[in-house]
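What follows is a set of structures to go through.
You will see chain A twice below: alongside chain B first, and alongside chain C after that.
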Partner chain A sequence: MKLAIRTTLGILAAGVALPIAAQAEIRLGASVSATGPAAFLGDPEAKTIEMMVEEINAAGGINGEEIALTLYDDGGDPNKARTFATRLVEDDEVVAIIGGSTTGTTMSILDVAEDEGIPFISLAGAISIVDPVRDYVFKTPHTDRMACEKIFADMIAQGITKVGMISGTDGFGASMQAQCSDVAGAQGVEIVADETYGPQDADMTPQLTRIRNTEGVQAVLNPGFGQGPAIVTRNFAQLGFDIPLYQSHGVASDAFIELAGADAAEGVRLPGTALLIGDLLAEDDPQYKVVTEYAAAYQAKYDQAPSTFAGYAHDAVALMVDAITRAGEADPDAIRDALEETQGFVGTTGTYSFSPKDHLGLDLTAFRMLQITDGGWKQLD
Partner chain B sequence: MMTARGKWTQLAVLALVIALLPLFFPSGYYYRVGALIFVNALSVVGLVILIGYAGQISLGHAGFAGIGAYACALAPEHLGLHPGLAVILGAVVSGIMALLIGRPILRLKGYYLAVATLGFGILVSMVLTNERALTGGPDGMSVEDLGLRALLRDLGWRLSGGEFWYGVSGFVLLIGAWLALNLFDSPTGRAMRALHGSEVAASTVGVDVARQKLRAFVISAVYASVAGSLLALQNGYITPDVAGFMHSIEMVTMAVLGGVGSVLGATLGAAILTLLPQVLTVFAEYEQLVLGAVMIVVMIFLPQGLLPSIARRIRGRGE
Partner chain C sequence: MDALLQFIFSGMTVGAVYALVALGFTIIYNASDVVNFAQGEFVMLGGMITVFAHQAGLPLPLAAVLAILATAALGVALNKLAIEPARGAPVVSLIIITIGASILIRGATQLIFDKQLHRFPSFSGDDPIRVMGATILPQSLWVIGGAVAVFVALWLFFTRTLTGKAVLATANNRVAAQLVGINTGWVMTLSFGLSAAIGALAGVLVTPITLVSYDVGVALALKGFAAAMLGGMGNPKGALLGGLLLGLLEALTAGYLSSQYKDAVAFIVILGVLFVMPQGIFGHKSTERV
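Take a look at the complex of A and B:
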């Protein structure tokens, strides 16, 4: 028993002594949700950040200085994220932060970054992160609103104006459902049915049946992430709908096709990034080089294809490295200014051009409309 | 077991620790951790009254923390209430909720009571997650600043956010601990402890068992609510996680680890379980493993919790 106490105290003492270790030149901080409910976002993000920092250091660092990465796992808990952000700034004395896998954790980190004047690139989707624009806060993923706009634009092009929506009540689904409802009217689309399901539900047939029985519905849209959309897709096929099914960028991965089954997923449309269809890109496509090189490196190191979310982290690191290189010094304010001056930077998600009024820097061209065909992807535009 | 002198000694120890600890802080980050420990300790002190004094279990107290937290987020926005007053509003709402649900569910015992309180916590968390128009859903919502720090700055006292919240949380914890220690030897506290020992015996000597249980439940709910409010105010952003099931479990674990009958012990438990994840970031993957191992070891070798067991051992040796 005495031993137990002594060990506990020993662990506590070791923890207090640890933070002194980092002595390298450019201190980069990260807090992502590598475990917990948002691990589907944070795990590939953490892997990407670690891989890229290793690569950069092996190639001689930035301006001859190595990056010292401090990466914390906030487990998707905003409270922890804020504590880690404080720790990164106050204790680890980083010059820049990447992270915030979810909107909740991002909003917690954002406050600290703004307060202390440390540039921060978020990996979360919500538009409220960059609207209103905050001096030190940038983000790499396109907003949910942009995904909605891309989907609705494609629907209009197909002559579809009446849409039945079915969304998950998880963070991703709920946020996108709200954005899509909000933006639909402006694009001439009418949401005629609006159903939801819990993230753990195993059958969405009742909701889909209700949508099918709605007068005049011309397509079904399913904002969601994880197993939910796969089940919706299977139920959709079982019910024999004869209208198109649209999924969101949340399921833009090969795993989704496997989960839903290639037969059920046939013909499903969704907006995705270039990263998903790296092997289909034309060699003169501006994103061809960055996408194929990153995907190959990730595949080689972790033996799996990088997800769209991994791509967000890739772009965040790449943008940060580019800004530090141009700033010429690892000073938070200089990095912030350089970040804001970024123009035409090609990432896996899209081409970024920041300005004092725009800290997202992407437009709708970042999305590519994809269709699942024969168990694979086909680009539509 | 605990005398009036013991009460003041305990308070003095707590006050000294809170006041002197910052002398050893190498950076501002430690203020943040300290503030978190105090907030957690506050809700755990509430559980000491419920579990330690009255012998009732609750696995849903994060629900009350959620009510307190969202009161601070919602009341200023929708009612135009000052965030400081919203803390009180949250506490009142939590108290009334506890009164309403406590009446039926405190008739239950053991597992049934645990499950009923668990259900309450999950309900609150579901409402916060699903009432998106009001609460912002799983993405959460921002909380208005208390404004007190700006006021102090105008008076020429510049404090960082961490320092300010360290002070406020520490102060509120002291008040909470003082009230809980006062309760211990009061007639109410004695009645609670009597029903903890044996409900039948307590009712034979004239203790209104149902009333005392309810009282302990309401008091502890108010503690959790105020702690939730403090957390919301210092984070400036709140998500339904605060009302989550895991948070309830965490609170009970802190209380049991430190010593569920002792206010200082509860504070120690809160300190250890708040610090561990910070200390273990290097082995983030093994965090749960270490936490579990610590709990098992404590439960087997120190069933009274850390502090009471150690205190007894020291006293035993002295005699």
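Take a look at the complex of A and C:
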């Protein structure tokens, strides 16, 4: 019955929209957190989405049709995100949505997208977005759990089994701390110390001293975002540890080396994406082309290097454009089906292959283990 | 033993940061009974302006002086544009004005500068100083030294100078102060300028340790306010010792108990102290004569 009503409405809408259809445009919606507490995610994401849509339209659009982008700034507020998602679907009549910078805003948009049957690519990290799989919901960032697995695999390869963990109590740090504790056992790593710090704390030497005094600790892992990891890295150097320090993908940026200081950051290991080490990639690397072209365009337009988060938005737009091209029509269900059929699509974060059972489409090879050496990055695997 | 010393060093470092912020609250509070919630923004501006002036090519000391002067000017402007027009309004209204000012300054900073984290080099390098197995960074000594210097300067100002006493008199009874020839408007301007300058100085000193971005002011002001309440609002001695005590409490809790509870323990102790001594450790008992 519901279907019947929707079809009728669809026919009505198509009838009304007929005169406009002559100008042929593909309506793409986005809601990201360009301001507010999650601005570090949403700001580069918004810039990327705007830049890419401009580029695509300048090059003639998709199948000859221009993209009409409607971009909202939800300020990191899940309630606003829900309002904007509804507005995108009902007022702006978009055929697909990109956005949801944080897990909270994603969860709001996701409900609307599922109910209305609009394909949605999320830019947030939590595994719960695609597990269980929802028909219309996809995402581009790898999960915290994958970062933990990548880090622990590297530790095991180094013969490290006893780890001291110091995590931020912010959303990112807390989520990754939980995921790492969860997967550690299965990978043969034991968390022997588990310390935390507040996101605005100025000194972490007490926590690090406790870890240093823990029997048998062989490495320190610091899931966190913002200034915390920079301060932890400086304190780590101050205390003269002689074991390795692992950071998370949350700080994978040149700014981190600058904030922590090249001396203190020397030897720090972390999982990062190809985007971070664009200039170090071999020319025959499958990601070389997409990464260098995107980074150069972003740098030229905004006079700064794109962050890992900007890369998530790049991949979301690229995947969506690819799916719309293959679908051949701007119909939400056709786009959804095309998205799910995506195979071996190379993005800045990794190579995506979606399936009805997997709406993330990345595996651990998407992460590259990096080490900070002489104030720059070195790829380890 | 070396662990205890390390915790104390950490506590002193963090405590000196809190103390510097707390000292900034003192003057405005003494002049007007207003708790200036834009104080954290002054600290943030001290750091941010120094960062950008330094990036623009100014040597660090000059950039720092520029930041302090610019922030002091902003403090004066805040008083002229927002506090003075509302003269006669109850203290609570004035406090709410300062909250509004803090939101405005935060938003403007985000637009004028950016939303990124920044840092400039430590004044005396980053080689840790080793004392009996524990380490402390030279910048921590700068912060501790800065807090003590500001304390001494404020203490001399309030007890040894006529201007300082005029500030206290204005707070005590504005009308009476005017009757004995004190220009209370000027005292308010002076107190906002000085408070902003002290806040900016704090920002300059702590940025190499805490890093700075447009939104660090809120957390700093909250901790600084807590330190000032613990020590006794309006008393420079209270601000200094309250800050150090709060820092030590946090570091020792994180070191010996659990880092999860460090903020909770610190605030429980503050509550406990305020139950017994509502004016803070060094606060004056105020008596109203009828």
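Simple rule for what comes next: the second predicted complex is superposed on the first by the 357 of 381 C-alpha atoms of A that agree within 3 Å, B and C clash if a C-alpha of one lies under 4 Å from a C-alpha of the other, contacts with A are read in each partner's own complex, and residues count from 1 in each chain.
Keep this in mind: a residue touches a chain if its C-beta (ideal position, glycine included) is under 8 Å from a C-beta of that chain, and two chains touch if they have at least 3 such contacts.
Predicted model, so just to flag it, every value in this text is computed and none were measured.
In the overlay built on the shared chain, the residue A:Asp135 is in contact with neither chain B nor chain C. Of the two partner chains, chain C is the only one that A:Gly240 touches; chain B does not reach it. Contacts of A:Glu195 after superposition on the shared chain: chain C is touched, whereas chain B is not. Once the two complexes are overlaid on the shared chain, A:Asp331 sits clear of chain B and of chain C alike.
Shared-chain residue A:Glu258: touches chain C; no touch with chain B. Of the residues of chain A, those at positions 35 touch chain B in one of the two structures and chain C in the other.
Those residues of chain C whose C-beta lies close enough to touch chain A in the complex are 3, 6-7, 9-11, 13-14, 17, 110, 115-119, 126, 128, 135, 137, 206, 209-211, 213, 215-216, 219-220, 251-252, 254-255, 259-260, 262-263. Considering their complex, residues 35, 37, 39-40, 43, 195-198, 200-203, 205-207, 209-210, 213, 226-227, 230-231, 234, 237-240, 255, 258-259, 261, 263-264 of chain A touch chain C. Residue ranges of chain A in contact with chain B, taken from their complex: 1, 4-5, 8, 11-12, 14-16, 18, 34-35, 72-73, 76-80, 82-84, 86-87, 89-91, 102-104, 107-108, 111, 115, 126, 169-171, 174-175, 178. Residue ranges of chain B in contact with chain A, taken from their complex: 26-30, 32-33, 36, 129-130, 132, 137-140, 142, 161-162, 231, 235-239, 241-242, 272, 275-282, 284-285, 290, 294, 297-298, 301-302, 306, 310.
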